[in-house]
Amino acid sequence: MAKKKSGKKGENSKLGRSDYYAQLEQLQVELNQLARWLQHHAKRLLVLIEGRDTAGKGGVISAMADALPPRVCKTVALPKPSEREATQWYFQRYVPYLPAAGEMVLFDRSWYNRAGVEAVMGYCTPAQTAAFLRQVPVFEKLLVDDGVLLLKYWLTVDQALQEERFAERLNDPLKRWKLSPVDLQARDKYDAYGDARARMLRATHKPHAPWTLVNFNDQRRGRLTLIRHLLDQLPDTALPEAQIDVPMLAHPPKRERFSGPLKPIKSV
Amino acid sequence: MAKKKSGKKGENSKLGRSDYYAQLEQLQVELNQLARWLQHHAKRLLVLIEGRDTAGKGGVISAMADALPPRVCKTVALPKPSEREATQWYFQRYVPYLPAAGEMVLFDRSWYNRAGVEAVMGYCTPAQTAAFLRQVPVFEKLLVDDGVLLLKYWLTVDQALQEERFAERLNDPLKRWKLSPVDLQARDKYDAYGDARARMLRATHKPHAPWTLVNFNDQRRGRLTLIRHLLDQLPDTALPEAQIDVPMLAHPPKRERFSGPLKPIKSV
Amino acid sequence: MAKKKSGKKGENSKLGRSDYYAQLEQLQVELNQLARWLQHHAKRLLVLIEGRDTAGKGGVISAMADALPPRVCKTVALPKPSEREATQWYFQRYVPYLPAAGEMVLFDRSWYNRAGVEAVMGYCTPAQTAAFLRQVPVFEKLLVDDGVLLLKYWLTVDQALQEERFAERLNDPLKRWKLSPVDLQARDKYDAYGDARARMLRATHKPHAPWTLVNFNDQRRGRLTLIRHLLDQLPDTALPEAQIDVPMLAHPPKRERFSGPLKPIKSV
Amino acid sequence: MAKKKSGKKGENSKLGRSDYYAQLEQLQVELNQLARWLQHHAKRLLVLIEGRDTAGKGGVISAMADALPPRVCKTVALPKPSEREATQWYFQRYVPYLPAAGEMVLFDRSWYNRAGVEAVMGYCTPAQTAAFLRQVPVFEKLLVDDGVLLLKYWLTVDQALQEERFAERLNDPLKRWKLSPVDLQARDKYDAYGDARARMLRATHKPHAPWTLVNFNDQRRGRLTLIRHLLDQLPDTALPEAQIDVPMLAHPPKRERFSGPLKPIKSV
């Protein structure tokens, strides 16, 4: 029992803010090495981030993208398909966003919508989900065989935490817009989402494109876990940084001078 | 007097972190009201953010965009033009990103490149800059007459601060990628950039499209000042939030269950 | 009377097929010179083709485009705007198609929709048409001042001919799809379209962007007239063609050989 | 000699112009039925047109597309990939052009470039061609399983005819631009192109995506043969045309009237 409790401490107590930032910063340094490695070796990295509503998909994506050059790290969160797109090959609207050489593309949700929200909420037919589950390993194998580095993460969260986060979105005027009607409908379908996930894993967890589940009950810990795992999947990416020579200024630093009538406005 | 001095303290000393976040949060709440107002009234808001290297363009854009629904607030930072684009009408590659109804578009740099970096670094001819300065008030008037709400900000910074920030980029492995060769060349051209700005203001500070200069020597203070100013340019945007009804769950919150072999990986 | 008749012969009798093709071919040779001239001098040519339904906009565009390299000559016929586009700056969806260096872009209908079909059929408000008529000379001047060569043609046709062509579309299974419900509504609005044109000409026939009306009662003659006029607006475009050396084959010409089971199918 | 001549008549004599147009028109009527059928049943048709230089890819595509509504029939002829595209998944730049419901897309050349011109001219490595030949049947099966109707045509031509057409391009100022340096290099590689085709057929002629070879020594006959074959692959597409009611005009047909100073220019 005591053991369990202390075990709980390691795994389950929330990670403090300053601990989190200290660890995150170290990971972000490694992500920058990864970015240089991708550029230097012309590699392509594709990361799919899936998971329950409120799990923290956007947060972990920001934790990575905010520290990286935007020409290397691109995030993709597609809106729902147009009427015309809905009649095309299912993967068609995702394909233009696949990475080019030297790029790392983070998908905030992905083609797996068809096995998750679309299946659970009835936005597609069961036949469409079944067809998707047959096509996706083939499609992903085409990418992997072409040399794309593919990582797929699914963020888990217990409903108690999910409820807390819904309540927070409801009450925080800065998060209110994140609360969508679909989110609320999803509350009654927690098990259905779990079943859909199980089915998806059975069909699409393949040696060439395995899934990794990450517990996001503690979002800070979840982010660190996911990023650590991601970095560990890739080879040693250390590359020396370019030396940049920054000579002394030849004069004392100058100050802004405003020759016309326009001056900076009074600061708050 | 003592009071005044402490008032000065308010102006010139750097704003503390927690003060900053407290004030920013209040502004972000107002930005969310603005977003709802734009959507409700089908308004279009276009904000150009210009300024010296390291002034903090990206930072103030994030401070706004991070708190807003991405379908409302879009940021645009265009790469340098392709060879084909370089031969087109100068405004052509910017036009596709102008806001639609209910949108707020933040340009991180803009068409004013042609009066700033391109002019100073010789990436365009003096004739091209002169032509641009003649066209831009006409072009902006077309947008404003069409109902686009246009705000233009130029972020100022003294060279001493700029030097500090270059040094920080050089030494911080998380910021190293932000340091470009053009940045370093710009150090010798501080005055030339100032002259280019003066010329730009003379040609393009128009009643229908005025510029606002904001002092970003203290970036936190600069962000608050700019956002406060932006909010003050717009009419009272208060709109009641939609009421969202979140009923109690009909059952105890559920926990994640994993029927297959795949479980969440061990957390860090 | 006799005079009138002979006048009729010159102007009004229909041009025969072989005469037409002989003259067209000569014009197409000159269009090819024009294409080389545009490429060599990095010029941009923008041609707007407007006119009544059935006047023959598509036909004259094909007569030009079919004889020209597609990398030089591009035709643009935009579908009706999406809901989102309809809220943007009116010119926004046209701007991406403006010519780059060395290109000749032919618009099959253009932004002038707002002064024609949209105004007559009530697809926009009178205020929108009025605003458009104010903006268009300013917008076009921006392009012309930037160096774009702009030509605007309006194809006229009497209603008797228009009726013949509607009947032909109705009865010819290859042209049936060209007959739209809007076409048929337009029959009752022949005068309203004429009035809209008169208003458009008053507002937008400017020295920097003049209109040219071409009579398309005889489509063959109309095409030759328009193309001749277009060529005459541009400077002498003669440029020597590149010499291409085509040596003799070193062997008798080879024949197709099919090593596998697959052979060409039987010809009709 | 006489025998040879009469033998030529059935298969090999050139089809006369008026015979050709009479037969083509009947096929175009059927193509219009096909277009209505695609729209009515929300089907997607993808047609790849490959073949030797000068075989007549563009001509057969025009023969189909010119008679069809452009919202149904789209032609795609991609330029060579940009540097960035060249590093992406090979199929990536083609995928955005795959048909939506009710559409018929004609590819003038296609992804098979990698097995043809790229392989023969050394624009890609042998490993890239080999990888392509492995991927293409898998990729095409994804499309076909998704319901896309896929037809693949390869146009054959003997070198004697090819030489005639090169000479015609050289001497006809209207066709000169079609003659590219790559075309001329291809003359020495007639057999290599044939070998590349044989290899391509072995790897990609699959039950779900068979090839059809069509002899284009006589281009008119080749066009009719290809279109006839295409129509025969699809189910009975007859659908009644919508009845369109065109009432009599309530007044005599009107004539153009020009209230302002602008009149149609003098016709040629």
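We call the chains A, B, C and D, going by the order they appear; numbering starts again at 1 in every chain.
Throughout what follows, contacts are C-beta pairs under 8 Å (C-beta built on N, C-alpha and C of every residue); 3 or more make two chains touch, one makes a residue touch a chain.
From a predicted model like this one, the values you see are computed outputs, not experimental measurements.
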item	value
Most remote chain, CA-based centroid, reference being chain A	C
Identified repeat of the C-D interface (over half of residue pairs identical), from A-D, A-B or B-C	A-B
Same-residue or different-residue interface between chain B and chain C, half as cut-off	same
Separation of chain B from chain D, taking each centre as the mean of its C-alpha atoms, in whole Å	48
CA centroid of chain A to CA centroid of chain D, Å	42
Inter-chain centre distance, chain A versus chain B - centres from mean C-alpha coordinates, in Å	24
Residue list for chain A, restricted to those that touch at least two other chains	none
Chain pairs that touch, as defined at the top of this document	A-B, A-D, B-C, C-D
Contacting residues of chain A [partner chain D, same complex]	42, 44, 84-85, 87-92, 95-96, 98-102, 131, 134-135, 138-139, 141-143, 145-146, 148
Chain C residues touching chain D - in the complex, by the definition given at the top	11, 23, 25, 28-29, 32, 35, 62, 66-71, 77, 79, 156-160, 162-163, 166-167, 170, 173-174, 176-179, 184, 187-188, 190-191, 194, 198, 201-202, 205, 211-215, 218, 221-222, 224-225, 228-229, 241, 244, 246, 249-250, 253-260, 262-268
